[in-house]
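Okay, so chain A shows up in both of these, paired with chain B first and chain C after.
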Partner chain A sequence: MELLLILKNEALKLVKKTRAWLGPILIFILIMVAFPLTVELTSNNLSDAFYPVLFISILLVMMLATEDIFLEDYEDGTLELFFISEKSLSQWVFLKIFMHWLFIGVPISLLGAFFNIGANNDLASSLMLFPALLIATYIFLILFCFGNSLSLTKGSVLGTLITLPLTLPILVVLGKLNTAIIFNISYFEFLILLFGILSIIIFAFPAIISRIIKTHLE
Partner chain B sequence: MLREILIIVIKKFIHQFASPKTYFYQVNRLYPWLLYISLSIYVFAIIWGLFFTPKDFVQGHSYRIIYFHVPASFIAQSLYAAMAISSAVFLIWRVKLAAYLARSIAPVGAMVTFIALASGSIWGIPTWGTWWEWDARITSTLILFIMYLGLISLHNSFNNFDKADKLFSYLSIIGFVQIPIIKKSVDWWSSLHQPASITISDKPSIDPSMLYPLFMAMIGFAGLVACIVILSSKVQIYIREKNKNWVKDYV
Partner chain C sequence: MENSYLIEADNLAYKINEVKLFTNFSFSLKAGEALHIQGSNGSGKSTLIRILCGITPPSKGKVSKKNGLAFSYLGHKNALKTYLSVRDNISLLGLSQHESLKPFLLSLDLSEKLDVIVANLSFGQQKKVALLRIFLTSADLILLDEPFVGLDSTSHDLLCKFLEKKLNTGAGLVYTSHIPTGISSKNIVLD
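On to the complex of A and B.
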């Protein structure tokens, strides 16, 4: 019951603060619409450049989405309240990240798969890409939340700087997955690898982030 | 009974050595020995490697940068592991000396990683025909360098040392995930960089005439880097313990 209440609160906060979720989605759309203008308009060039641009723009958008994810709660005393009370901070972090993913990660994954149809004229590859994007957006979101929790009061630039190196292995796996989709080879191995990474960090990182937040509050 | 006495002795030893004061005086005694022995080993290894080993069948004389590049690459990764272990010790047992050590390793690690990258670039010209290639091993080493810089910036951005140490420790432990990636990058991805020539499980693929000076260079280089870590840790102790009487007396 309490979990549902936290989820509802987080959803309400996001609904009220449109900029926090609509902004990143609109930026993603703008990047995906603008990038063909920078490529010579032959279909080969477009489809070659599509995947790298898609993955990098997802990375940037997730970075923007988490820019001040904990700052407002830190400033208005919500975090302190959790710290003083017996309530689990890691549970709250988990639900907050999950709600952000529902509002930002899922639409962006859907849009990414949709843009893939436009760039490659291939529905099958979009259906393969969609679950990978769902997982990748969640992983990026968690990693950037970790970075922003470290630099909670010091601005998001520092958080991004220290988290970006951690996201690069994920980008490498996404690159491999992209090759697997294009050449129709061993796609599930990379999807399972991404899922494996997610299944570890989805539970471990909220606990670590809550410890970090507690360090800030001490 | 014997076991309990042993535990007490070990605890007492750890407790004493974990004190910055004891560490400071112990490393002061160790430092000159370590410096001169490591320097002698490294100079001997370099002379042996540069003048008394045969030239490589394919690379000619250019391979001799191996006596600089390989120790630097190996130590760059080892330093990160040491920093992550120190951070874990600090977070688990609250040993503040471990936090000082972790923080003092970061700039040395960044410097050694830069040396590894620069020497690799110089080696790249005669062997690959390019200074830089976006290859798995080189890129992951560059990420390691950025990681070191990120850790230093994170620590420097907080005035409260205790908070900075804790946040630094969390990040360095999480960042350790990069080390196996760097190590295995040449096996997992098709890479311009050659696979590891020295492994635990297989026989080294380098001829013994080149291998022995390389081993010596690695030992000497590790000793020299340990000396720099000692100096860096002493600086950290000066900064953190500056109000303690023993530091004032020492200075």
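On to the complex of A and C.
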């Protein structure tokens, strides 16, 4: 019941604060639409460049999406109330990240798979790409939330800079997964690897983030 | 700690960057009692309230609360979402279904403002919305940091009467205020 209430409240906040989720999605669409326009029409390399552009734009958009994810609740006193209510702060962090993923990560994964059809004219590779994007967006979201919690009162840029190296291994795995899709070899190993990373950080990082937020509150 | 005490502070001290805000601060509060913390700006009143809530750890000393004590806190930050309507904020606070909500909305002159975005309300009106959380609380201890700032005389009187009533029913109250409130309280002054 408590979990549902938190989810409902976070959903209400996001629904009413459209720019928090629609902004990143629109920027993602803008990048993906603008990218082919910058490539020579005669070029045959559009599909080759598609995946790197897709992954980097997802990385950037998830970074933008988490810019003030905790700041608002910190500044208006919501976090203080949550802290003294003896409810689990890490549970709240987990559910807040989850709700952001539902509003931003899932649509971007769907759009990414959709743009893949346009770039490669291949539905099968889009179906393979979609679960990888779902997992990758969640991982990026958690990592950037971690960075933002570190620099909660110092501006989000510092936190993002600290977090960026953590995203590099994920980009490497996504690159390998991309190669597997292109050459039609088994990509499940990479998908399982991404899922393995997610299954660890999905629970560990909210606990770490909540500890960092508590320190800021004190 | 004796069972009759709701909250007890023992030898509290707090310092920021080696500058002492207050030292050797002790008090105990029984059911039905109020404590009025006074002091100049920067004397540590808000920090003391935050320490009593358990948000900020003291540099020295300890705070003991009665087992299972439920407390309600309103600080300088009012925990309102300025981009949401008053109705949505009440919903976020989990007060939508409270049986006493309507009478308080009427008393605070907020019943016509339910669909107004909080950012479009005045400071005093925002304070009234935040105070709904206190008016509808069933907590045994109420901790308030400058609760009267921004309130008109009607709302000021309503809050005083409400707090007196809560004290008569056995709740405890700790609050900071620069202005006389009329609530019979123990007074502590932080230099």
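Methods note: the second predicted complex is superposed on the first by the 216 of 218 C-alpha atoms of A that agree within 3 Å, B and C clash if a C-alpha of one lies under 4 Å from a C-alpha of the other, contacts with A are read in each partner's own complex, and residues count from 1 in each chain.
Assume contacts are C-beta pairs under 8 Å (C-beta built on N, C-alpha and C of every residue); 3 or more make two chains touch, one makes a residue touch a chain.
Please read all numbers here as calculations on a predicted model, not as lab measurements.
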First (chain B), second (chain C), both or neither touched by A:146: first
Which superposed partner A:168 touches (first chain B, second chain C, both, neither): first
Chain B versus chain C as contact partner of A:78, first or second or both or neither: second
Chain B versus chain C as contact partner of A:218, first or second or both or neither: both
Which superposed partner A:208 touches (first chain B, second chain C, both, neither): first
Chain B versus chain C as contact partner of A:12, first or second or both or neither: second
Residues of chain A contacting chain B in one complex and chain C in the other: 218
Complex contacts: residues of chain B adjacent to chain A: 136, 139-140, 143-144, 146-147, 150-151, 153-154, 157-158, 163, 166-167, 170-171, 174-175, 177-178, 181, 189
Contacting residues of chain A [partner chain C, same complex]: 5, 9, 12-13, 16-17, 72, 75-78, 80-81, 83-84, 217-218
Chain A contact footprint on chain C (complex, rising order): 50, 53-57, 71, 73, 75-84, 88, 91-92, 94
Partner chain B, residues of chain A touching it in the complex: 146, 150-151, 154, 158, 161-162, 164-166, 168-169, 172, 208, 211-212, 215-216, 218
